[in-house]
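What follows is a set of structures to go through.
Paired with subunit B in one complex and with subunit C in the other, subunit A is shared by the two complexes that follow.
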Partner chain A sequence: MSGERSKKLPWLMLVPAIAVLLVLGVFPLIYSAWLSLHSYSLLDPSRGINYVGGENFLNTLTSGHPLGISFPKSLWLTLIYLGGCLAGEVGIGLLAAMLFSGEHRRGLRSLRILMMMPMLLAPVVVGNIWRYMYQYSFGLLNFLLRTVGLPAPEWLARPTWAMISLIMADVWEWIPFSFLVLLAAILSIPQDQWEAANIDGAGAWQRFRYIMLPWTKHAFLVIILIRGIDLIRVMDLPYVITYGGPAVSTSVLPFNAYMLGFRYFEIGHAAAYAYLMLALINVFVILFINVLRRRPENA
Partner chain B sequence: MSKKMLSWLLVGTMVGLLTSFVCPIAVQGKTTLTFIGQTGPRYGFAVKGVADAYMKLNPDVDVVIESYPWEEWATKIALDVAGGGGAYDIIWIDYKYIGGYADAGYLLPLDAYLLQDSEFWQDIQSDIYDVVLGMYKYKDQWWAIPHDGNSQVFYYRQDVLDDAGVKVPTSWEEVFAVAPKIHNPPSFYAAGANLKRFWAADVWYAPFMSAGGYFWDENYVPAIDTPAGVEAAELLLKLTKFCPPDAIGWAEADLYEAMGTAGVVGMAPNQWAGNVLTNPEAAKLANKIGVALPPSFRGKRVLPMGGYGLGINTKSYYKDQAWDFIKFYTGRENQQLLVAHTGQPARISALTDPVNVAKSRYFSVLAKSLEYAIPRPVIAEFSLVENIVGVELNKMMLGEKTPAEAVRDANTEVYKVMQGRIEQSQK
Partner chain C sequence: MHKEWKNRVIRIVLVLSYVFFFAVYLFPLAWVGLTAVKPTELIMSSPPVFRFQPILEHFIRLQTEWKFYGRVLNSLIISSGTTFISVGLGIVTAFALSRYNFRGKTFIPIWFLSNRFLPAVAVVLPLFLMFQKFRLVDTYIVVILANLIPTLPFSIWLLYGFLNDIPRELDDAARVDGCGNLMVLWKILLPIAAPSIAVTAIFAFIFSWNEFFIPLVLTRSRVVPVTVAFAGFKQQFRFDWGGMSAAAMVCLVPLFLMVTVLHKHVVRGMTLGAVKG
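Take a look at the complex of A and B:
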């Protein structure tokens, strides 16, 4: 009797957690899948929820209506944003990690806390700080550029500059993350590897290519995976800094899903849009998990 | 303490907590009225000021104010509608949502209360422009009482115009005649406007409607790509030549910063009225800012109407108390209080009251603007329409489309939005 009870107890203990998971995770997924097959306007609920089959998905893939930008074009913008941010974050994060893991690292220790600061700020705060700095006439960036005699770009007024502006703000905010992960990875490289390289007379490039890169390869992949997922569903910075503009030049996928859902209140269409995004994120995740599973030969 | 007692104690606590969520009656016998509104000087500050005064007079009532920025506010209400209502007692509502929410049974028709308080109702009718009041009437019933009236005004830097020796322009033709005289980029720009996405449509409305345009015909067939639409788009494009280049990314707050604080803009010809630019506590250059009627176009002046009303949720437990609060808020005797807390009244008497005008000197101009204002369409789809028009106008400003192409494409997209209504009206 008591044996049976002890077998049931762990399951009973799991019930609250499973219930929470079902209510907060599984139910919204199923409900939004159901909504994606319906037409439902929260601005005119009296029209009701009407079954439309795959129409929302078809509209999303074939027409930019009512967003003014098609799904493929928005996907392309999202990929540019993703690529730009990852390149900046990983590149600068690696340089910073190398600097902080070098011979003078003891002296730089106190600066590590400062390096962490941007990541600790709420994204909306980061967005607003950068939005003000990008102001053409009285923003800090153009003030500095004009002071040194350089031309002042129209940061948020031209499509290319607007995308660059978003990438710069995101890179600034998230460098600390890649820096931390890469610093940990670099510091975990066994000392004898460096000593052996010194004895063999390896140069800086060779040490980077044959020691640092193989030992930190997994850290890179983790950064790309985690930040990649974040960037595909980023909403806060485009919303605060550019509001998807000028026109639709920074209307990345999550921004469009937000507009459909919470500006136009076309809930069914927004759900279909979000499901297509989810499919893309899954492809990205599966791709990277497969890469992660392949252990590097020399790590 | 035995295990059994502990269990009962836990169950009791949980039941207590659940009851407090479900039962709206607050402890200590107080009535709690939940008010959903917007943040900002014209909105949240005003509500708080009036609600505090109301609670002093009615110590048995607690007015809980939930204020959000525009988009969150709209989202919260939409979600409450979707969830069956009941989260809020008093709803601060944009007139364009009245039809949708009335049809959904979310808003309570106020006719019974208006009949009961006929003196108050007569006073409201005599003190608010018919066109403003009429925005809250739908299917022959009244759904909200306007407490905030709004239209567009022309803000300008008096000192800049004086230095240039020019008078305040009264038409768009004059605006473009004056502009080159004060335009001195990159340090100073003759004009400014909030042109970010749907905000661009806000600037386009007035010249569009002044030139004789309207969004659709009586059957909802879009009429944006008419000569009036093209002319208004061309005018907007011309205006951008005198604006800071990043005005295409501006919302209202950015214009305020550029004009009232940074002083890089001379004129904002048609801007939604608000007390930021003329309020010395909010704008560094407030004392140099003048206010006039927006310019006419083709000899005519038609302005878009804004503003908000107060309605009652059908699911409210305290409908009578909510109505009492609305009466207090919109009552003639409390309008000075509203203005003292940076509110913007809908009543003509309040907009022209010398005490209020001394506090917010744009009121008298706003009162005149309201005479020229017509409501934007009171249908749920209008949010989409203004976004579509705004995006297409932005594409024109970027040089991706000509004015004619922009309004043509906007018309095509708006047609898709309105298709349901077109088919319905043709039946």
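Take a look at the complex of A and C:
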């Protein structure tokens, strides 16, 4: 391998992909930054593109734009959505993984294939399936609730229930993800750990706290990081199931950004919104990495 | 004797709980599958009807009323294009990342990956403005290219992990035999990594197939893919549950075939290689 050539060759191979992502990712991002400082409405192009400084950002913080919900309020909704989904996914995923990591799991392999379907289905399809389940008069959920004698809520017509509906659908879609990741982690715990615990006479809680948690920590972090970022940035389920409603009770951030840009055609506002979301994702990741650093062992 | 009996009971309880878990969990899919073949007049009946003469009318209406299978074809074209480009570029890029030393060797892979996590609006909004100026909105090529934003970083990252798993001793052995660097990639790594490349391609395909926001913005009528058509059920066909269910089943079939091939690698693919599964 000659020195000069071997320095250039890797870059020759990297450049195409870097170029593609610069053109399709980084350049639009810079363009967005510029747009976020300008007022630009596609509905009234005659007004042109005018520099307005931080006005777009200020407007998103109050309600000075057509959404009817301010950024802080929407952020709050997004955090509720995020928290509910993560809690449900991690909680149920962990329970299922513990249940299925037992010794009696013959036949699991074939069932596992079936179990993966929800997370590989398009979120838009999942959303419609659940919109069907949530129908008030003939929806399956309400039929089951009425059969056991419980009151049947108007899932999609009440603000709180609408948020719960969104969370339930998302949890359903992503349980397989946390389940499979945690199952892989649990099955990778060396057998001697459990044997040592047996010898020490450790109880169920101690096994969970001192063996299960430390050994699956990495898996938890992967789940929370990947799902967390996607919950902040993806609007598929809210768009399909509730369309932000009723009123603005499920208008999470990515949905609002879409509405601003492609329903109201307020390009400047939408770009500002997008940048606030980008900042939020960065804060989430940085916080997350700091938490990681602060508690290196026995989390 | 007593202990064996107790074990058996435990086993039966466990198996029952597994079955219960799966039955409850997968019931929505079964329910939608049932609705797909249910006569329209029975769909909205309450209490729900479980016994009826199954029909295929909804699957036929998918084409006559909504031209749904045309959308399926659009999705196939777009996803194939995106998959082809991202896996092709991905292999070359991942090879360079995995097998060479250069400045930024730790930073560049992470930069690639970070593109996967951009909020779509921030990127697609300017793309929309640019493509609109050149009258390129609603063409295959634009959607294929835009779909690369999440899919290419994903493919690079996953292939990078797969190539890193292949021991370098193999490369060295080939070099001793007089292979150049690209020969090593072509003759040694590609054949070994072929199953991993297939896995990456299937994932790239599924993610591209499932992409909603990008085509929602960048298509109008001609090249609308399945996902966007599906969300359209909301506005135009709000209450056509039979059609919706039939369409969901159509989406499920290719997925099921892929997953049966893929099931060992699902964890690795979905976690971007962070968990080897």
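Everything that follows uses one rule, which is that the second predicted complex is superposed on the first by the 282 of 299 C-alpha atoms of A that agree within 3 Å, B and C clash if a C-alpha of one lies under 4 Å from a C-alpha of the other, contacts with A are read in each partner's own complex, and residues count from 1 in each chain.
Simple rule for what comes next: a contact is a pair of C-beta atoms (placed from the backbone, for glycine too) under 8 Å apart; a residue touches a chain by one contact, two chains touch by 3 or more.
Computed from a predicted model, the values in this text were never measured in an experiment.
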Subunit B versus subunit C as contact partner of A:Leu180, first or second or both or neither: second
Contacts of A:Pro72 with subunit B and subunit C, given as first, second, both or neither: neither
Touched partner set for A:Trp11, first subunit B, second subunit C, both or neither: second
First, second, both or neither for A:Gly91, with subunit B first and subunit C second: neither
Which of subunit B and subunit C A:Pro190 touches, first, second, both or neither: neither
Touched partner set for A:Arg263, first subunit B, second subunit C, both or neither: first
Touching partner for A:Leu24 - first (subunit B), second (subunit C), both, neither: second
First, second, both or neither for A:Ser137, with subunit B first and subunit C second: both
Subunit C versus subunit B, contacts on subunit A by residue: C
First (subunit B), second (subunit C), both or neither touched by A:Tyr243: both
Common interface positions of subunit A, toward subunit B and toward subunit C: 137-138, 243, 262, 267
Contact set on subunit B toward subunit A in their complex: 71, 74-75, 78-79, 81-82, 97, 99-101, 103-106, 186-187, 189, 196-197, 244-249, 251, 254, 257-258, 262, 264, 380-381, 383-384, 387-388, 391-392, 394-395, 397-398, 400, 413, 416-417
Subunit A residues within the subunit B interface of the complex: 41-46, 65-68, 134-138, 152, 154-159, 162, 242-249, 259, 262-267
Contacting residues of subunit C [partner subunit A, same complex]: 10-11, 14-15, 17-18, 21-22, 25-29, 31-32, 35, 43-48, 89-90, 92-93, 95-97, 100-102, 108, 112, 115, 117-130, 145-146, 148-149, 152-153, 156, 181, 206, 209-210, 212-213, 216-217, 226-228, 230-231, 233-234, 241, 244-245, 247-248, 251-252, 255-256, 258-260, 263, 266-267, 270-272, 274-277
Subunit C-facing residues of subunit A, complex: 1, 6-7, 9-11, 13-14, 16-18, 20-21, 24-25, 27-29, 31-32, 35, 96, 99-100, 102, 104-105, 108-109, 111-125, 127-133, 137-138, 140, 143, 147, 172, 175, 177, 180-181, 184-185, 218-219, 222, 226, 229-230, 232-236, 239-240, 243, 254, 257-258, 261-262, 267, 270-271, 273-275, 277-278, 281
